[in-house]
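There are two complexes below, and they share chain A, which is joined by chain B in the first and by chain C in the second.
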Partner chain A sequence: MTHARKSRGPILTPGRIIPLILLLIMALIPALVTSNYLITILVNCMAFAIFGLSWNIIGGYGAQISWCSAAFVAIGAYVNFILTNEAGISPFLTLPLGMALSYAMATVIGYGTFRLRGAYFSIATIAFAETLRAAVQYFKPLTKGTAGIYLTYRGANFWHLTFPNDRPFYFIMLILLVLTLFFTYRFTVSKTGYYLSCIKGDEIAAESLGIETFKVKLRAFQVSAMMMSVAGCFYASFLTYISPASTCSFDLSIKIGVVAIIGGIGTLWGPVLGAFIIVPLIELAAKLLGASGSSNVLYGLMLVLIVIFRPKGVLPLLTALYDKVFPARDAAAKGGRRA
Partner chain B sequence: MSEKLLVVRDLSISFAGIKAVQHLSFDMEPGEIVGLIGPNGSGKSTTVNMISGTYVPDAGTIEFNGRELTRRDSIASRSRMGIGRTFQTPRPFGNLSVRDNIYSILLQRYGFREAQGKADEILELSKLMHLADAPASKLSIEKRKWMDLARVLATEPKLIMMDEVMAGLNPNEMLESFEFIREINRRGITVLFIEHVMRAVVSVCMRVIVLNEGKFLYGGAPNDALNDPTVVAAYIGGGKLDA
Partner chain C sequence: MVVWKIAQSVLNGLLSGGVYALIGVGITIIFGVMKMVNFAAGAYLVWGMYFTYLWHKWTGLSAYALIPLVVLSMILFGYITFKGTIRRVIKTGGTSFILITVGLSFFLQNLAETVFGTNPLAVDSSIKTSSFLLGKIGGLPVIVGIPRLIAFLVMLVLVLGVNFLLTRTMMGRAMRATAEKPEVATMLGINTNKTYTFAFVLGVTLAALSGLIVTPLYYVQATVGNTFRIAPLMVVVLGGMGSIKGALVGGMLVGVVEQLVATFISADLGTAGICILFLIILYVMPYGIFGKGERAA
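Presenting the complex of A and B:
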């Protein structure tokens, strides 16, 4: 399938109807489900889908593996809580600041590493995330250090994103997820998106054909970082309590990468699928095995299995099934031109 | 004649003591097809890599289109100036279809709609239309070289340096490729043609430059090169001379 030539087919193809049906089901779930626990898990799934999608912009489509997702999540989260608690500013207004800070940080990291090829970028992201975590722990007057920050509860208040239960967040996350999917799709068919897939394909060739690989990678990383901090801002309000351990840990960065990798790296639906597999599994494992460290063991194990048996993730299984059921060439549903 | 397109003067580079290219000088007129030949390891690809900006020469100058290139002219900016090249080992974007390999590069110059038309033109011209929607990773090595060449057209270059684009072609495909290269040239693109298959060189090139052990050995008409004793000696000593 190619986007270079778009055939004008019917508007309602299976590839478009299936996401709409999924969306409808997702929208109806809160009305049908009484368990708040299930709602909370689903909100978590959606949040990690958004994190995974954000990671995918640079890690999947650009093949530049980042391990500092948590740092951008933390920037969005801490800017939100600090300004909301100290100054009563709405999270919606803290968003731009979180995005600007993440953009600036991504620029600094990218500037130093994207001129070099290979693992420099990945290593720098780890160093950056650890530095930021240390800084968050150190600047106690602002961040409360390892103790973390509780969000001041303001009753049911949309403007401040505080609610008595998680149901409103269910819809907020759902809307954010749809927007993120839409934005990601637009990104992949933008010029930057095309250049990025060239870089993923062969960076040396891309450069020899005029593509400013440094600028393109930097742009993708900036976009990814800003998306991540937006998600982090909302996620924090949903959690109502943030600490370096929960929002700024290496653990979280890995989990976000694993979600995208297991679902299907560099695909539109992969991170969504990955999140809806991993988040419940980890929840289940924590229930069954008890120990809080069990989740690490679990996704470590899953990653090993995926890398050995399904390096393209789980999504290809579904797209193969889709191709069987709908043999028409509506490849748009496969979420991208990368066959 | 008119202004030179490419002026190479006294170009030298060594790698860990190996003098890959030494004091190489040559010119190219706009519209020429010049063969760059020589035994294996004589420095042909290295010369291409210095002109394209991949390698920084130890000494010497490269002037393109009337302007001296410096190390600050990046590989990408040289491409935008009009310096195109293919790779001896082809480098397709394996994650994209053949069409998108070309289309993505066209997007640098054109809007989405216009780039579609241009991509079709290049696919037509390079006779790759029947493979347009195949993933580039599925192409045979010969077709990959072919697509590399088609793709570099998308940068609308003034010069294309073709590094052994014909290796592995059967006689029929070879004839087709001669026509393709002549067609590229008819469109005003200057060609630096690296090839071991002498039949191709004689058929396509207006003149040849022979390298041996990194040094300029001979410059002149292709047929004369084959009869030149020093050229023959270099090939017998250093490598193959395919008929």
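Presenting the complex of A and C:
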């Protein structure tokens, strides 16, 4: 590791230039596009990319399939709306509370299930998400039950994250996406990240090498849960209305998982790619087919097909292309890393 | 008053737990043989309900008389979905199983909603609301709903039948051998692929029959799948994965807890009650009540 950092390779490798170009394009889009509808879809794409990246921490890098993403989104969203509406507290200040609650919930689920291998964790996540939804529907004075909560509009106000249109959210989500990508990258090259990839490879072998698999899996799940609730907090402000059906449903958890799986499970760019493929595709399908049930059919079908035919997702197609376009440089970069 | 409330909800819980147990037995058989948790049982239950509805419209017979027809439809449906999807990832196993059965669950349930619409349909039945008086506690009547009782009895017959199948027939022996160790089973001349197919089709047929026996209790619509998505999974984990006795006991336990919570706290929290019970059991007995010691499948 330290060796690689000292070696003087070119600073501007294609691997660094391409993300910068993408970022530049993304930053310029609002100036070029007049349609607010398109901006809204792009904000949705970025939000799902962030959700997918958060899911990927435990589901992709750790191969522990979680189906309770929506629960953490809901925690972030409800903490934000309740405190902002009732006490006028800024969403930025509600973030730590949402994160703390998500951390606690992740600990409760993980503590019981990560000692066991197999599907126990997945089952427990579904159970937990359902429990939280029942609780949200039950505590009506606080959550308004199934009716949901509307965010009080306070004019164009950055501190309270209310704006007359979605353009400011475009930049907020873009910044959050870049931060999440950067954080995810740092996580994968951290000690926990390496341990996690060992566990994914062979859990028993990892344990025999002295890795405390239980602790590592729990840590990754806690991190994933906190990221999810941060994203949920901002996403809720963007939606301006939340209900158990929209933020705390099994449907949402599935969609988040599918985004990461289709893009490329356990890869940095996979969830981003997946979100930018699926969100517009579903939007299109909903326009053409009408009913919402049919777009859910598409999600289910895509999940089944991808597991059968492309278990690694769509990203490998792009990386193969990348290797073709930059063969020499890539080889040099690899060589540099080895030296 | 309180004693009566408890007695009535325990009774209701035992009877509704029977349905959970039947789905649970289906899940546990599949798990025992191929080590796959079938997250899609609720979706197959929905299709079982729609098959019952369609055959009922077609023939006009009562739901219980349609059992053979629904079984045949479901065997075909289960076989096609198995060959088309799960069969292709058997070699990969593990995570793929979770992803593909959850995908199937989501796909099949929403497919039913797209094909048949969201309007609740009903299978006519003369016994829908009939019930009989079991006795009185403190002057208040303890009532048994006839459809619930029949559902329970059908469940018992089916579970006994499955037990007979597993212990007394060649196919059952082959399934148990595969459950123990697929490699050795193959060496002994068992076609494990056939056993997997049989186990899966048997498991989802039990889910479909659960759908049939609840038609007098629920409207036929895709969202019923949500009701039966979680509870049967809890049942199987509670009882111990792969144990039929466990699924039976777990089913009753889950049914009773759900009814007690619904009666004494709030109907909204019935599912939450099951989930909390499940988390507690995971902490205390990670492998369930009958886990490990019991023979798988």
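As a convention for this text, the second predicted complex is superposed on the first by the 319 of 339 C-alpha atoms of A that agree within 3 Å, B and C clash if a C-alpha of one lies under 4 Å from a C-alpha of the other, contacts with A are read in each partner's own complex, and residues count from 1 in each chain.
By definition in this document, a residue touches a chain if its C-beta (ideal position, glycine included) is under 8 Å from a C-beta of that chain, and two chains touch if they have at least 3 such contacts.
Please read these numbers as outputs of a predicted model, since none were measured by experiment.
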| said: With both complexes superposed on chain A, which partner does A:I126 reach: first (chain B), second (chain C), both or neither? | reply: second
| query | After lining up the shared chain so the two structures overlap, which partner does A:W67 touch, if you call chain B first and chain C second: first, second, both or neither? | reply | second
| task | Go through the superposed model and pick first if A:V307 touches only chain B, second if only chain C, both, or neither. | result | second
| message | Going by the contact rule set out at the top, does A:C198 touch chain B (first), chain C (second), both, or neither? | response | first
| said: Going by the contact rule set out at the top, does A:L321 touch chain B (first), chain C (second), both, or neither? | reply: neither
| said: Quick check for you: in the superposed arrangement, does A:L284 touch first (chain B), second (chain C), both or neither? | reply: neither
| task | Could you look at A:V297 and tell me whether it touches chain B, chain C, both or neither (first, second, both, neither)? | result | second
| task | Applying the touch criterion given at the start, work out whether A:G210 contacts chain B, chain C, both or neither, answering first, second, both or neither. | result | first
| chain A residues in contact: does chain B have more, or chain C? | C
| Common interface residues of chain A - those touching chain B in one complex and chain C in the other | none
| task | Report the residues of chain A in contact with chain B in the complex, numbered from low to high. | result | 1-5, 191, 194-195, 197-198, 200-202, 204-213, 266, 337-339
| request: In the complex, go through chain A and note every residue touching chain C. | output: 63, 65, 67, 108-109, 111-113, 115-116, 118-120, 122-124, 126-128, 130-131, 134-135, 137-138, 250-251, 254, 257, 261, 291, 293-294, 296-297, 299-301, 303-304, 307-308, 311
| Quick one: in the complex, what on chain C touches chain A? | 35, 37, 39, 85, 88-89, 92, 94-100, 102-111, 113-114, 118, 222, 226, 229-230, 233-234, 237, 241, 266, 268-272, 274-276, 278-279, 282-283, 286-287
| request: Note which residues of chain B are touching chain A in the complex, please. | output: 52, 54, 74-77, 79-80, 84-85, 87, 91-97, 99-101, 103-105, 107-108, 115-116, 119-120, 132-133, 135-136, 148, 151-152, 154-155
